[in-house]
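One chain, chain A, appears in both complexes that follow, with chain B as partner in the first and chain C in the second.
This part shows the complex of A and B:
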């Protein structure tokens, strides 16, 4: 039997204070509508944004105060079923810290965009916060039903955000496309959940994990039903992260959606997919207390191949597709597909761990978490610049759009150029930047699990991707500004964006030079994920 | 507790210049002159902490050897750990003080020297970054950590040589320096790979212990040692990788003083000195030979140079050769002590030359100088002290003590190396006296230059005075037991065999000392005689040696040799490949096209329909294909979905069938 939300097993009381960050974010989201109702028009935008920022920072502080410590994980062991279907372990603390912290930065860089709107600030930020709330909840799911509900909270909000500029044809088109493609992938996801339930008779990830390993211990071949179910479920999640063949929506939607929304899709929304993939992979493939024995998980063995192939295709599609792109958002969309390829490589490494039947370190999970962190920071810096440049281009009469707006950016605004340049280098994975270690850790995980072909392709793709990232840097630094491009004075960089860019650049460099503390966080989170998934 | 103190001091030493770099790089333009003085303050802070570390080392007494850390930086898998760690011993402390002191003085000097430069703030930013990088290198307690500093100083050197990037010559020089040292770095990487494979740890003590215990198989120990020396030779401009250093003089003169005389180029010597316990006798022979030959050859080239900075550059190459000679023959202490004394007197002379160049409004050709002593007395007198020190004038200059130690070490090991070294010593004294006389003594040869020459401002002369004083007083440190104490962690005799004991026995052997004194003083006297007293008959004196002079002036044609052997073939290969591309590949394509056209023409009008039809068919096919491809991302959602779901169904079907 599966248990419904709020229906608690015997003898457990809801441990609601563990959900305090979620309550704060939800409350802030509701409060974000107020300024629009009571304040005069000129002050609404700033008031709304700063309210949301404050709420997210509060939530962040509460999450960090919980700490990704072992004590919390133990305390959770007693009263972990806060509500059935959610689990607040160190992994979810890590993810929620990432989401609230990153969300706060996202709000800051969005100000350059929302300041220009004459109405709808409340809607924008409220929807954004609800969606972030969804991602926070996603990080704690422990059964398939809450998985579906939380994921839909993220996705439905994202549909609305993508179509936020209702009068803009491209934005509405993006929103509609996103909705249609998303609906189909949701259908696949639900079908997958149904099939898995059909085989295991439970929606709880722990129960599913137990059943999979029990069948593996008997040496049984996993039935087609289970494979089909997991395949459909993973397809639904590939849609979120942008894995081939469910990447099709990404270029159009990323390009058409307002830039802050694209930033949200790149960071928070994508993280939701990655977090769920990690949870599912842990449940289905890895079980540390059994893995020391000789039991091999045949399901994981099958998935190594599938994930490996999908990762390669995604990776190559992303880096090759990014080359001819002329618009920076479209380029970043393909680049984001390429990064999804790396994330899937890490996932293949996790599956390989289960398939090999030997627990030899949690390199895959840690690598993915570190990757998320690095990618979050980098993307926010990149989009911080893009939002400002986009706003300036719109302000200038007949201003240059697309890549033309970035030609010769260095001579017009050195600050923006340096920030974007560092972000692109980090995306490419050049050493003193955070992106380097992200890729390094993924490659280490794949090599550690013996997936040499995958690692080779991954390393080769870095070289290919350098080409188009450097082309953009070259165009920013060495081309003359095109006529009609916004001049230095046209770039109005709000203080909020300026702070985020400085902090982001510092973070990228620090994470790229001295990785250990960040890696330790990821490590703790990963450890809690494995230690709890087995129960 | 004591260790905590040391750690905090080390962190300040490192953090001060790094912070200076960040502030200066970001807000330098706004800060202006205040920013430059701020970097002086950070450097002074770093210097003060280094001196405190030195005091701590002295008070700790003999055998001072502290390891801080290590902190894990990266776990590359397979249980290996790449760490960051700090090692403090007599050698580190001396290097710290040398680097921070020279760097501080150069910072102060530059505040006036670089005045009016368009990129004034950026200059100080990179000086700070360089100081930081050099300190990272010096403080490292493992090879990987050292390698990071090693590459960082290389980058800073590149940026600073090419500081005036609007002129072509500095850019070319910067590129040459970078690429040449990269060749050496290849050796470093080979050594790192060998050590990483056989030892698994890069920590000095672990590597030395493994080498002593024979854990590294013989050929690999040799390869690692040679690799390290190759890296050192690249960084320290030893034959045959010395070609970049003279060109590096295109950079601003303070940079030449700091990076290309006192500190970075000495990093190679430091590396070999640090790693001495793992170098096999075979490697040491190579080190000593290369060092001796470099000392002699560079000295010969310096004889025939006319640019004041180039003479100093070749003299640096030559002196670095001496240091390697010392290390190679087992006179470990003397080699590194020469590094220290050389850092001071060569920085003194480079800054002095900077003062001359500044005073003469960017005139660098010695043939147009002369008689400047009366115009710029402080510069001249301090410069003379530097000349006396590098010549090794006995007892009053520090150069005597270090050079004498090296020569007596060489005497104990190999007479050939000793005589080469002694010949180099004569040359050194001779060409340095030439430099001094041509610049400061005699009659002014260019009235215009001379008339406008003036003594430099105090911010430039005070560093000169300080360096001159240090040049005179640090000599007796040669016998200090703690500073520059040889590594205690590993029994030196095991690794260097008898070489060192031999050198010890002959330390200050009387005959060697007198020969060294004779060489130095004789060279100076000869120089004075030829270039000052008998100036009039110089041309007549030179005539028999015209051929030789040409060889020296052309620097033994090293550049031309490299151009002919390396660059031109590479160019030719590239050009050849391009020709293949243009001629053969394009030709084939064009031929195919042309033949198609010809065939079309030949087939005549009667089957025009057929051809047209074919062409149209090809066109349609191409358009169809292109259309299909672009239609994949056409923006039509129906297509997207059918593609996604179709592929999924296909994959599932395949899975089922297989």
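This part shows the complex of A and C:
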């Protein structure tokens, strides 16, 4: 790897090598516009997509080559707002590997969609890559200002993507709704940052953490200002992950946005929120170097309750709302709210740990990371199928049968049916699929911290969610195809999608059966986050 | 290679292999399934014989203390070390009895499934995946994998019943399969919360280590009901039973066989292996109440069976009635009662599998199972009829069948346990009369009497391949009826540590009931003598 060092103010020499993957992705995003300019119309789509795929794969390789040893490169002195703010630790390496690897798969499954576009391939992929870049940067934030900037990079790109089919009423509606709700929550986020800054006098997460624990050590009740500030900040992040009450945009946006964009929102965009929630939880709730002390963090104690209640409501809203849905994207939208509930359960477990004084938040953190990993793979498989089926039913009957296109899918395309069936089972959390172990880890984190009520609700939600996922499996396997639905020959599965589906199915099963390597990655990444926090 | 590992790897490998076989090559698909299950049967019988060839080695390696189990064929592959999670296998006598039961039933099930013509490939994929899970549960010595396999066994049922099952006037298959999967999963996740809290207390998933851990009384009292109810849904204990008869009735023959023969035993097995073994104090507190629920199982299940006209529903309710005897044996917490319960799990599994296979045989041809439509079938299918009558007699507890020996043990166990349980014991005896009523009526209405003209073309089992599964199951019933010793002594090895714990717990709680016979294998020998006289 090349060495790119340059002088920063105050004599610091951060190692910019660690940002190489970001440079690659940014460069690829700019390069993605080129084929649009120079190639004939017929070949633009494929060329653009493969360029982006190659760029993301390169970035992925670079990230993986960094390994878990990459540590603490760009963290600079507290208070220096311009250069501090990014910390490329092993946690961030894990997240960036997830985003680049998952992003590459996302590009592959998007091809079945972009092949049908007349124009705008360059824009689509460039915006997608910039948004992925935002998520990569999010994984390393270590102060509130960079948190805001990186998050906005993700979100603003996602507004554009959601409204990408601007002639389609639903897509436009999706973009607009997303924008309105997003803008409100961004405002709340900023206000929260302001309030927190007002209390701590610093934007650095480390300084905030030190201040919170110093106040806890004195036995002081956290001031209302801090509580309000963190609440507003979390509201902004709940918007990203889909926590109640900031979930309202999800069903309409997921349904209206083009399927590859929905896949992006479900995976990468949601990851950005989860990663930030983890960073914030680490800063506010737990502090590993005082493991043995009897200092209880009163802020964390308050947040256990809030997070627990929000997790319950989110979970129940998601799984109950998904039951009556007749459109698969809408069903997955509600189910993604349910999954946000599980993620918040893990977060509540982290807060519970801090509230009790002994704390690294390890179980909760590694559970969330594993969950993200499993959810990424599973969602990409599910949306790989949805994109192909959607394209086929559009071609055949103009989407008239959109929601019934899955009936009897078994007899028309066994391959797609098996892939979607396994993905749904994994989402439901059934062994031997990856989703099972993810939910298992979440339950373990909550039960280990004594949050039994939450654990029982989470376990019960598995049953409810199994019901509506099984409804779709039933529709695919038990029913006969409706008249006029696309027949087997209408499903044109591009080679790229086929590869992703095979790899995804294998990955889901392997991650559910032979989980040690994946668990170890999540474990190490979590350990790096939990041991670095407060440094 | 470790035989237990093989019992999991063989069906798993066969499942995977079937994915890559062309769907139209039905012969090849059936051959793969038959060979795989035949291998499983050979391995299981080998282990069974191995137990009796050198019984000493089974008790010798019982390590620390009185309550320690002697597990054989141990296998361990490290999985996630810092969580105390590893792929651990091993069986005791109780587990081995269940493994043998599963192997017998799946082999018979695959053979009677030759009549399945629809989506053959997917059918066997689901069936073998299901069996992988069942073997996994009976042989796992790691709580994580115990749950893993437990849930793995439930999900294929959804497709098996939904796609290959039957909708009749009495049962809708879509409804039945959804209800079955959801109720079983609800039970399973409830148990899962309990299992994880056990982990959180002990710090390992190793079931042998957990057995040695002494849980505080408060912990036991809090978590026994959770884990117990989770497994009881699968038994199925009244009032959690309603998934079961509907599921039986809607399922295709082989699935009913596995479902009634093996899946229901997973629940009772979990209660014995986990709930009662880990929480003996709580078990002695709660078990008398359980005995009341058993009465409901036995009597209510039997009475509902009387009012049914659908053959499969009769056997379905009869199964939940018979599982009441198993629970009663568990509730007695005596050596002979618990032994009888496990033995009954085996005997009932074989008997009910045989019955469902026979109902499947004529249902494939008649497309009705209603007693009012049938009649005089004995004239056209004497072989099937004979087998059915044998199975019904076994079910009604006629001496000479394994069911009689085991039910007698259960009732004796309940009787001698304490005064409380004398009432359920008496009810259980009357339960046998109820069984006689609905089974004799089923025999009379279906197999004897006037035969409608349209059934004159029905086919009996003629070829060797067709008769093998029926002959095999009947032979097993008779074998262990006349000679229960090998099964009872094997089961005894498995339940002895459990009963020792329960006895110790009783004394500790200060509720020790004065026994006529101390808790050793004395009563078991007596009953063996009873069984042998027949």
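Following the convention adopted for this analysis, the second predicted complex is superposed on the first by the 501 of 535 C-alpha atoms of A that agree within 3 Å, B and C clash if a C-alpha of one lies under 4 Å from a C-alpha of the other, contacts with A are read in each partner's own complex, and residues count from 1 in each chain.
The working rule: a contact is a pair of C-beta atoms (placed from the backbone, for glycine too) under 8 Å apart; a residue touches a chain by one contact, two chains touch by 3 or more.
Because the structure is predicted, anything quoted here is derived from the model rather than measured.
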*Put chain B and chain C onto chain A via the superposition and say whether they clash or fit.*
clash
_Touched partner set for A:467, first chain B, second chain C, both or neither_ = second
_Which of chain B and chain C A:206 touches, first, second, both or neither_ = neither
*First, second, both or neither for A:245, with chain B first and chain C second*: first
*Where does A:455 make contact in the superposed view: on chain B (first), on chain C (second), on both, or on neither?*
second
*Name the contact category of A:180: first (chain B only), second (chain C only), both, or neither.*
first
*First, second, both or neither for A:227, with chain B first and chain C second*: first
*If you stack the two complexes on chain A, which partner ends up touching A:444: first (chain B), second (chain C), both, or neither?*
both
*asked:* Touch test for A:516: chain B only (first), chain C only (second), both, or neither?
replied: both
_Identified clashing stretch of chain B versus chain C [344-352, 434-442 or 560-568]_ = 560-568
*asked:* Residues of chain A that sit at the chain B interface in one complex and at the chain C interface in the other, please.
replied: 444, 447-448, 515-516
*Would you mind writing out the residues of chain A in touch with chain C in their complex?*
425, 430-432, 436, 440, 443-444, 447-448, 452, 455-456, 459-460, 462-463, 466-467, 470, 473-474, 477-478, 515-516, 519, 523
_Touching residues on chain B, where the partner in the complex is chain A_ = 71-74, 76-77, 633, 635, 637, 640-641, 643-645, 647-648, 651-652, 655-656
*Could you pull out which chain C residues touch chain A in their complex?*
79-80, 82, 144, 147-149, 151-152, 155, 158-159, 162-163, 174, 178, 181-182, 185-186, 189-190, 192-193, 196-197, 199-200
*Using the touch definition up top, name the residues of chain A that touch chain B in the complex.*
173, 176-177, 180-181, 184-185, 188, 224, 227-228, 231, 235, 245-246, 248-249, 251-252, 306, 363, 444, 447-448, 514-516
